[in-house]
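Presented sequentially are two complexes of chain A, the first with chain B as partner and the second with chain C.
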Partner chain A sequence: MKELRARAGEAFDRGAIDVLLCWRSDTEDGKVKPHVFKKGDDLETVVFDDRCVHNLVTFLPEVAGHNKKTGVVLKGCDGRALVTLLTEKRLKRDGLYIITVACDGVKIDGKTAAKCADCVTSVSPIADVVIGEKKALKPAEYKQLEYIEKMKPDERWQFFSQQFERCARCYTCRQVCPMCYCETCIAEQVGPAWIDASTKLSANTMWQLSRAYHLAGRCADCGECERACPERLPLRLLNAAMQKTVKELFGVVPGTDADAQPPLSVLAQDDPDSLLEGKR
Partner chain B sequence: MREEPKILGLLCKWCSYAGADLAGTSRFTYPPNVRIVQVPCSGRIDPVMIFRAFSEGYDGVLVSGCHPGDCHYGTGNYFARRKLAVARRLLETVGVSLDRMCFAWVSAAEGRKFSEVCAEFTERLKKLGGREKTMAREAVAR
Partner chain C sequence: MAGWKKLAKSDLPAFLAELASQAELVVPQEKNGKTRFLPLDSARPISFPSSLVDVSLKSVFFPKRRPVARFGEKGDSPSEQRIECAAVQSPFSPRIVMGAHPCDVSAVNYVDRVFVHSAFKDPLYEAERNRTTIIGMACSEMKPECHCTDRDLSPDNERGMDAVFVEAGDGYLFRAVTDKGAAVLKSGLLKETSDEPAKRDWPRGKYPVSPESIVQSPSSSEADPFWQEVADLCLTCGACTFACPTCTCFLVSDERHDGAGERVTAWDSCQFSGYSRMSGGHNPRKTKSARVRNRMLDKFVYTVEKYGATSCVGCGRCAIICPVGRHFPREIAALSRGLSPLSSEENGDCTRSKRGLPPLSSDENGGCTRSPRTR
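Presenting the complex of A and B:
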């Protein structure tokens, strides 16, 4: 933490950054909160520890839009999200000063977050400053999907319909997601209104499927949707299904390769037709 | 009485729709279960359309476009192939069996192939029948 503060202070002094997007510790409830530090602010409240669950990349396009030189502190999973946004040209690499901190896993309500078991990068794949040691991590195995894969189609739908029925359609999962940046979300489009605004099972299913599909090949598995969901829906399960699909079909792990194109917007003339049967 | 399966056909304007037209003018017969929607290109098919078809109560979705290499716009069907492959796996995850979707490349000259694809797919859905609860039926019922 000392090194993080020193590096941040040095970047401010040198003029490398105008603002720093990081977590701050001086909150009333003892939790850490995302905060934009400006030049001259007290950097003693800059913090990075296992309470820092939020994905700061969610706020980054807005912060970077208002400032010429933006510093940001990222964990491994945040870094993957940033890589995807850069490959989609949502953000420009120039004007970003990326400090990444080696992460040992974050805690939600005192327990290590489930996403950390499947983490593939302990530091951001792109960075200007790396603090701490990069760990070699195993490729994700998507173990949580085994539970679903054992089921027959009927049983799967029974399981998912029970989950989708609880969805309150508050769209918290969308608001908290760094990948969901459409100006008009498909859920709010009218004429044609693809997704009914009601909380019927069919409309909820439409929303959940559309959300999962739109994250295919993009989702960095930061787990923010599942953490923020007030109904505790297993949203990472659907995201994992999409990640596994993209890995099997196109050999892509989203956010790990800064030069890769998003797999669904690649012109791939050599794909075999067996893709449509669900295999490569 | 056994209920007839309802199929939504999303056909590209240049190849498959013309193929369906040819099937008609050539008087090849195929089951009347397929409701056809014309789209400008198979690349226009947003998987959300397929999700919508299932949540509106269709039993199966048939998607058809130009053969790879023959797209009127050059590359639309390559993008469609990737998108639909992913969408299909997502639907499988939530319990819509892979057999409820059918993808076929049909050119404007393949009227016979179109009628065969429709007949085969309808037959497949009849076998799946009402025994398997589809996402569609249950979602509409609630």
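Presenting the complex of A and C:
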């Protein structure tokens, strides 16, 4: 944490950044929260520890949109999300100053977050400053899917129906997701209304499956949707199922390679045709 | 009104069974990791929390999804085809809600202003209210985010309740507040007692707010840069609005499949970009900062203009639920003190008298009032 504060202070001093998007320890309620530090702010409340659950990349387009030089502090999974946004040209690399700190896992309600068991990188794949040790990527194994894959199709349907029934359609999952940046979400389109607006099971299912499909080849498994959901829906499962399929078809683990193209946005000669051939 | 009666803790299950035999009984129960108001189900653990049920009472009267009419195509031949539509009938069977704390009951009283005592009456909501007797529960503690005492309420306030009970040692003390409440407290399990709940002095001054000073604050102007600062770190998701016991916005949608369907109301949120979008595409609150500002001012300024009362009851659920740790009560209190809501002023001593502000007036339905502002 000392090194992070020092490197952040130094970046402010030499004019590399105008603002720093980082976690702050709130002195009033003791919670760790996203914060935009400005030049001259006291950096003593800058914090990096296992309470830094938020993916700050979610806020980055907005903050970088009205600041010239934006610094941002990222964990490994956050960095993966940023890589995807850069490859999708949602953000420009120029003007970003990326500090990544090696993450040993974060805690939610006092327990190590489930996503951390499936972590592939402790640091951001792209960075200007790396604090801590940069280790080799771990393979993406999608172990969280094991118990779902063991279920029979009708059991699986029943399991997810029970989950989706609780969805309040507050769209916290969408808003907290760095990948959900559509100006008009499919859920808000009214002509035609693709998804009924109310919370009936069919519409909730349609909403959650639509969102999962839109994350295929993009989700960084930062787990924010699942953490933020007021009804605690196991949303990472859907995303992981998508990413596992993308990995099998295209060999891509989203956000791990800064030079890769988004797998579903480019057409390659050797793309698999298994769907057309009726094999899947 | 009437004096207190005592129920032994061991008699609680029998008392609940008696109530359930008279009416549909709704009590706080734990489901999917949260306490919520649900129809009594013996399979679920009942809990009467000492303060604040996790999910507010709002959905009991105003569900997330609510059919208001059903329609379908009738007639076989094309010349005879017509669409028939029927309004959903209002429910009338009696219902008892037990265990609602003062903030939740006061919130329902506010919602009454919107759906009953307004130009646009909601008959289904009104029927839900009329069929329900509320046995409120006085809180025996204030949780970290609780600040009802700064919203003209207190943990033992009985306003809006038909009857009230409070945990006291080896039992519960009950008292009727209205005739409707007296009618559900006739059980022989309730014994006469000279016991009374201990009067307590509850702390105040955590997040005091004065609507007048918000309006006067230069920061409340739309042009003030701090709205952008707040918006930068707000997701504008619907978590706080859905958790809020006084957020009443809804949309109306016709959900039709294969020629038949329902017209439903569904919770909407002023934080959604589509909320203020008009036909033709114009959106007067297109930016996040405009939406964030709307919600903050709505609770203490706009609802006073529209319904004659502020609409924050100090339950703190918005601060508890916010996935990014935004603290609405603290932000609005800072705005009221003429500070930027994001300022991290450490001095928490900001009581009204210290700032030389007059006390807020109140009316019988709760909430701070001021005369509607002419535009």
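Simple rule for what comes next: the second predicted complex is superposed on the first by the 269 of 280 C-alpha atoms of A that agree within 3 Å, B and C clash if a C-alpha of one lies under 4 Å from a C-alpha of the other, contacts with A are read in each partner's own complex, and residues count from 1 in each chain.
Everything below uses one rule, namely that a residue touches a chain if its C-beta (ideal position, glycine included) is under 8 Å from a C-beta of that chain, and two chains touch if they have at least 3 such contacts.
All values derive from a computational prediction rather than experimental measurement.
In the superposed model, A:Y181 makes contact with neither chain B nor chain C. Applying the stated contact rule after C-alpha superposition, one finds that A:G217 touches chain B and leaves chain C untouched. By the touch criterion defined above, A:R227 reaches chain C but does not reach chain B. When the two complexes are overlaid on their common chain A, residue A:P153 makes contact with chain B while staying clear of chain C. By the touch criterion defined above, A:D273 lies against chain B but remains apart from chain C after alignment on the C-alpha atoms of chain A. In the superposed pair of complexes, A:V246 makes contact with chain B only, with no contact to chain C. Judged by the document's definition of touching, chain A residues 200, 203 lie at the interface with chain B and also at the interface with chain C. Against chain C, in their complex, chain A makes its touches with residues 26-29, 31-36, 45, 54, 58-59, 62-63, 66, 166, 168-172, 174-176, 184-185, 188, 190, 193, 196-200, 203, 224, 227-228, 230-232. Listed in rising order, the residues of chain B touching chain A in the complex are 47-49, 51-52, 55-56, 68-69, 75, 78-79, 81-98, 103, 105, 132-135, 138-140, 142.
Per the touch definition, chain C reaches chain A in the complex via residues 32-33, 64-65, 144, 228-229, 231-233, 235-239, 241-243, 251, 253, 255, 264-269, 272-274, 277, 288, 321, 323-327, 330, 344, 346, 348.
Within the complex formed with chain B, the residues of chain A that make contact are 148, 151, 153-161, 165, 186, 194-195, 200-203, 205-206, 209-210, 212-213, 216-217, 238, 241-242, 245-246, 249-250, 263-269, 271, 273, 275-278.
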